[in-house]
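Both complexes below contain chain A, partnered by chain B and then by chain C.
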Partner chain A sequence: MKRSKIILSLMLSIVLAISLLAGCGGNETTTAPAADTTTTTAAPADDTDETTAAPDASGDGYAGELTLMHFSTSEESQGNGGSDGFRTVIANWETANPDIALNQTVLANDEYKTQVATLASADDLPDVFLLQGMNTKLWAEQGLIMDMTKIIEDSPHYADYNTSYFTPFTDGDKIYGLPVLTGGTCTVIVYDKAAWAEAGFEEFPKTWAEVEEANEYFTANGYTESIAFGNSGKWQMNSCFLSTLGDRFTGPEWFQSIIDKGGAAFTDEPFVKALDYTGMLFQSGVFNDDFNAINNEDAREYYISGETPAFIGGNWDVSYIGATLLETDPERYENTGFAVLPQPEGATGSENSQNIGLGYAVAINSKLADDADKLAAAIDLAYYVTGPDFASYVAENYALGGLTQVSNVDLSAFDQFTQDFYNYSYIDTAACEIYDSYVDGAVWDVLNTELQNLTNGSTDGATVAQLTQEAYEANY
Partner chain B sequence: MLTRRPPLRVIIGYLMIPLALYIFAVFIPLMTAAFYSLFEWKGGPNKTFIGVANYVTLIKDKVFWLSFSHNLYLILLCVIGQVGIAFVFVMMINTRSVKLKSIHRTFGFFPSTIAAVYVGFIWTMIYDSRRGVLNWLLALIGRDDLKQVWLNNSDLVMTLVSIPLIWQYIGYYMLILLSATSSIDKEIFESAELDGANAVQRSIHIVLPMIKSTIIVCLVLCVSGNMKVFDNIFVMTSGGPGNDSMVMAMYGYKISFIQQNMGYGSAISVGIFVLGLLVIGAMQLFSNKFSKD
Partner chain C sequence: MSEKAYGMTVGKKVGNGFMATILNTIMIVFSLSCIFPLVWMFYSSLKLKREFNANIVGLPPAPTLDNYKQILTNADYHIADSMINSVRTTILSVFLIVMFGFVVGYILARVKFKGNRIIWLMLLMGMLIPVHSLLVPIYIVFNRTGLNNQWYTLLIPYIAFGMPIAVFLIHSYLKGIPIALEEAASIDGSGFTGTLFKIIMPICRPVMVTIAIIQTFACWNEFSFALVLLRDVGLHTVPLAMTQFTGQFSSDYPKIMAAMLITMSPIVIMYFGFSKNIIKGMVAGVVKG
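Take a look at the complex of A and B:
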């Protein structure tokens, strides 16, 4: 009796130990914070070489599980056309492929970036996931993502693709993903046309000197400042300001040279000037004084509440502002306009540029090369979620564009706010690159951190440029 | 009912469970990190062996040492704030004039039960320059000149992110110290009172020496806890402005996951472990000396 108790105790101990160790095994269930996640199962077996062949792009031959990880949560999709469209086409694809169990892990964007980087480090990426441009070269070198060049060329929708969107996902002559979601601007000035007209500007000022002039009027007439901005997350100053302002000073060739390691450096004079100008602007009182202590979600509330007559952010902020104002303040919604950044003094680049692109692409785990049927299903999914069904959905419902171009978008069905933003994004402005869609996260992390110091006035452009250049040389 | 001592192998069998847990949760990750720290590893399957190069970088890394100095500052504030204030509260609760002692204990402990992320959000709202309670109070008392963007003040930000930590854990240390003081014989206090000792004298000359060992435990818990602080600061400032509120654990996270430099991130985590041991060791030496005195 006692002996059996001892054996039982030992067995229970072993079971406990095994169950603990099993917890860190390959197959794990992930719960999504702030999201509507189901479960995910880890990627399949052996590591293999990249594929260049494009099997039949149809999910029909495969019956089984396919894992997908993305960040279009149900919360995100409220008012965000790209997310809504993405969720819609995924649901359509699932319905059309009943034999395939599509296990999705859906995380909020910040959590997604951390989690997918962790899975990449562990060589445990899902079958299909969204690849950020700046990770392309590194993950391609590591053999984590499939070379999709041939797959893309063989796409039935290839003729309709806007091929300029592929550049962030390109390494040499190889392409590693199908750009996904909607092509959205990362830098737009959202402004109250009525308020600026009262200040003497029928349209948004073309120079920063005029903005400062308007600022005197606004601060004397009940506003705290002229433009709201939020940078506590540190990335906003880079993505939603410097990326465009830098282009005004350096022109596009400089950044292309940075991407290609063609000799340009962050310490080059035009870029240092852009940094110094950014620092000067954020010290001038034109912006809210708490710009480094609040994020973009807080800053856009300053515009929505009427505290500030303008706001700088990205397309994701415009979706939110539009949806909120439509409900709470229709008059302000009608009066909202969009403008590019004013031209800095001494800048010689395009006066009309704004950084726009597709920040993410559908990528496929290189391990799928081993399983032709599963790979075919993954390719079919990638084609579908970036194809004409998605493009038509976002064009018809939100006046947005994706990778696949849709001709004859009828804007007449949309209100002025939506039409104006469509024209701002795709028609009336010149596109420039989004810095952090390229290069390396380590470089941007250093720059973003130093940008807070720069805009607080505790460092200068030359020092920021030097530290960024050091990170560039060490990591890229 | 146990009639005799269980055989040795049964005792060893049961003891193996916590040992296995410790090996699994502490020892293996530490060894793994030490191993990875010898590689240039940007994530994924490819690693390049570089010997101790990551440690050479670590020694020269100004941000890491700045973060370490922030941790030390945080520890200093928290030792005074958490353990010190908890001791004062315990003394106050133990006085006869305080009623509803159990309510004080419960409410005092309440903040410790809140997740650090929520604590971070609550205090971010308090510090908010436009809608925060702090600036509102300053305006109320006519000190508009003191109003500012608190979390963007490089000189104050470390103190400001420490306050939520202090607020959160006072109750935790209060409970530990309360249980220690409850074991002190009441007659000692009564005779001291008869001899004319006031409350402060009783606290310093009777309570403090009698709960010395508990206070040392509290200090070790406080120091070790604050060496790995992360979550509420991450929520409040992400280490900013710049690196002015960066702490070691957050820096390790940034390097590993934002910069995707897993090899160097592992070296940082080993560095945190070594520095943690050194700080706690120094504190033990100090407390041993204090005990002897």
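Take a look at the complex of A and C:
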């Protein structure tokens, strides 16, 4: 007994001593991790090396430290084309700028949002960081972020930018960030073409009445319901359903007015109609009964296992479904198609819309205005990570698009599933806004909670709209 | 054979056996419900993400150690660093909380001086202020003084926020100990320091162990200060390191579970090493003879 105590004490002492020694040396800020892209992409290392030599990847002669904060963790980059591409181009930029010590703080998304908000409160933001659309107006008012309007106009890639992506990062006529990562759809119906053909629909129904009709067939033929959906995280109903369905009722001008505080209100009749329609749909039996008790990760398993012939989610779900089906059920993989939400009765907006955008932008700390060389390096980094090198990388490896448009994307290297999804995302559909990229998180907290009540049948659209409007007036 | 065995009739024995079976069954079910999460964590860590999502409670169809291999070989995860950081921070914080708490608690309980009551009330108020409301001010102070993002950064808030409960417990415990002990020690020639550490401290051992247990868990699991005050990934503690397996839209639960099992090991070693002391500390003082 005594001996074991001695051994234990010895072990703990050694751990303590080692940790203290490690601590003394652990003061260095983590420099950029090598782009350990463990994903099996076709990204040729030689290609990326070539791009590092490109003149636009130079830090304009600045030598010193530059701090960067983002959330493309090693884990996030596995299977996420945007994150993988982002890490890759950062590594390239570092290689091309050996005189610049790029000190990165890389946190998971939730923790990133908490920490960057704390840093903003303390006016201690890093030199370069990722700005969420909903923070733009407030941080711009507080003078925390640099007005990048001129910087963007002077960009060598300006002609190729998809300027519609700038909206969340705009306040008045000023732009505060270069949209970054990939523009992926947040609302897509993933469906089994063969199953729906058996139900009498060669393509996905254009109206919800037809979906309800098909639902009778599916429930009578071994399926639990027609469409799987998961909303236990609350944000899914907003991001992956209402943003698009709302656009069908209100049109884009209404939401632009909400963003601009131009007079539109959540209590406006078209939006209340969208809410009521959402409530009615989720009470109709078309969706799985437990949609408010499970999240999107659980719901997509219903589709993968064949329990439901369709699923509604975002581009992140499509990546997972594709990878899983390819391995477990190649036939279902081949039969999988993509569709926009059917048009609700009484809606007058675009029938082909789906919400897509870039939720984050590369922003620069306004304090860099005092250091011209450092600012030049920061601008160079911002141009590079949102520029053609990034866009080409994600297009060629993942069939995804970013801020900079790439002409003549060769999709022939990809299978039909990937090609169809690329066309759905960027070619065949009309873009509308993602609600929670704008306004204020407190407003969406109220709406998201009330949407759960609405779809559970315990409240109505008018009440949800009223509560959301109150939160909007109080917080925005 | 005698009808009576150990003073009980056969009827009573059967009755006792029946009751014992029922009670044991209840206890076994209860024990299993406590153990199951650990067992579930273990076998889930042997699954792939896809297998876990397809069947959350099922056994792994093809057990694999891939998650462990990835966690231990991917330098970006910083699992080893985070464990070392957590062990160091927890040991130092708990040791200092217990020692400072004991000394301050003793002085406040036994020494009458002007301001004693105010210090006591201020320490008690420390337990009433929500930690989250102080995050930003503390961040600003640490940032301006250069105390943030150092290996010792977390010791300061952990000790500061651990002190009130430690002082409160020591103070309450000492109120039950007659002052005659110190008087007797004084008559025998013991000085203040000798009395404090050689007479009182051994008596306070049960409550000090209780404080150590509470604070070990508090420091090991603390998240908010670690997130806000540390920017360098190499200084992150275990709770922060765990977050990197949760992506923006999805989580890799099997990997999280594998990482949790790895990072739990120091605490488990500590528990098994000191289990007798911990249990003794928790029950000592319950019965007074």
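The rule is short, and it goes like this: the second predicted complex is superposed on the first by the 417 of 476 C-alpha atoms of A that agree within 3 Å, B and C clash if a C-alpha of one lies under 4 Å from a C-alpha of the other, contacts with A are read in each partner's own complex, and residues count from 1 in each chain.
One rule holds for everything that comes next: a residue touches a chain if its C-beta (ideal position, glycine included) is under 8 Å from a C-beta of that chain, and two chains touch if they have at least 3 such contacts.
Everything numeric here is computed off the predicted structure, so don't read it as measured data.
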First (chain B), second (chain C), both or neither touched by A:Asn80: second
Which superposed partner A:Ser284 touches (first chain B, second chain C, both, neither): neither
Contacts of A:Gln405 with chain B and chain C, given as first, second, both or neither: neither
Which of chain B and chain C A:Ala293 touches, first, second, both or neither: first
Which superposed partner A:Asn352 touches (first chain B, second chain C, both, neither): neither
Partner chain in contact with A:Thr118 - chain B first, chain C second, else both or neither: both
Partner chain in contact with A:Asn456 - chain B first, chain C second, else both or neither: first
Touching partner for A:Ala442 - first (chain B), second (chain C), both, neither: first
First (chain B), second (chain C), both or neither touched by A:Asp110: second
Greater chain A contact set [chain C / chain B]: C
Touching both chain B and chain C, residues of chain A: 16, 20, 114, 118, 121
Chain A residues within the chain C interface of the complex: 4-5, 8, 11-12, 15-16, 18-20, 22-24, 26-30, 33, 36, 38, 71, 73-76, 80, 105-111, 114-115, 118-119, 121-122, 124, 296-298, 301, 304-305, 314, 316-317, 320, 324, 327-328
Of chain A, residues touching chain B in the complex: 6, 9-10, 13, 16-17, 20-21, 47, 114, 117-118, 120-121, 123, 135, 138-139, 141-144, 232-234, 289-290, 292-294, 441-442, 445, 449-450, 452-453, 456, 458-459, 475
Residues of chain C defined as touching chain A within the complex: 50, 53-54, 74-77, 81, 84-85, 87-88, 91, 135-136, 139-140, 143, 149-152, 227-228, 231-235, 240, 243-252, 255, 266, 269-270, 273
In the complex with chain A, residue positions of chain B that touch it: 7, 9-10, 13-14, 16-17, 20-21, 24, 41-46, 127-130, 149-152, 154, 237-243, 254, 257-262
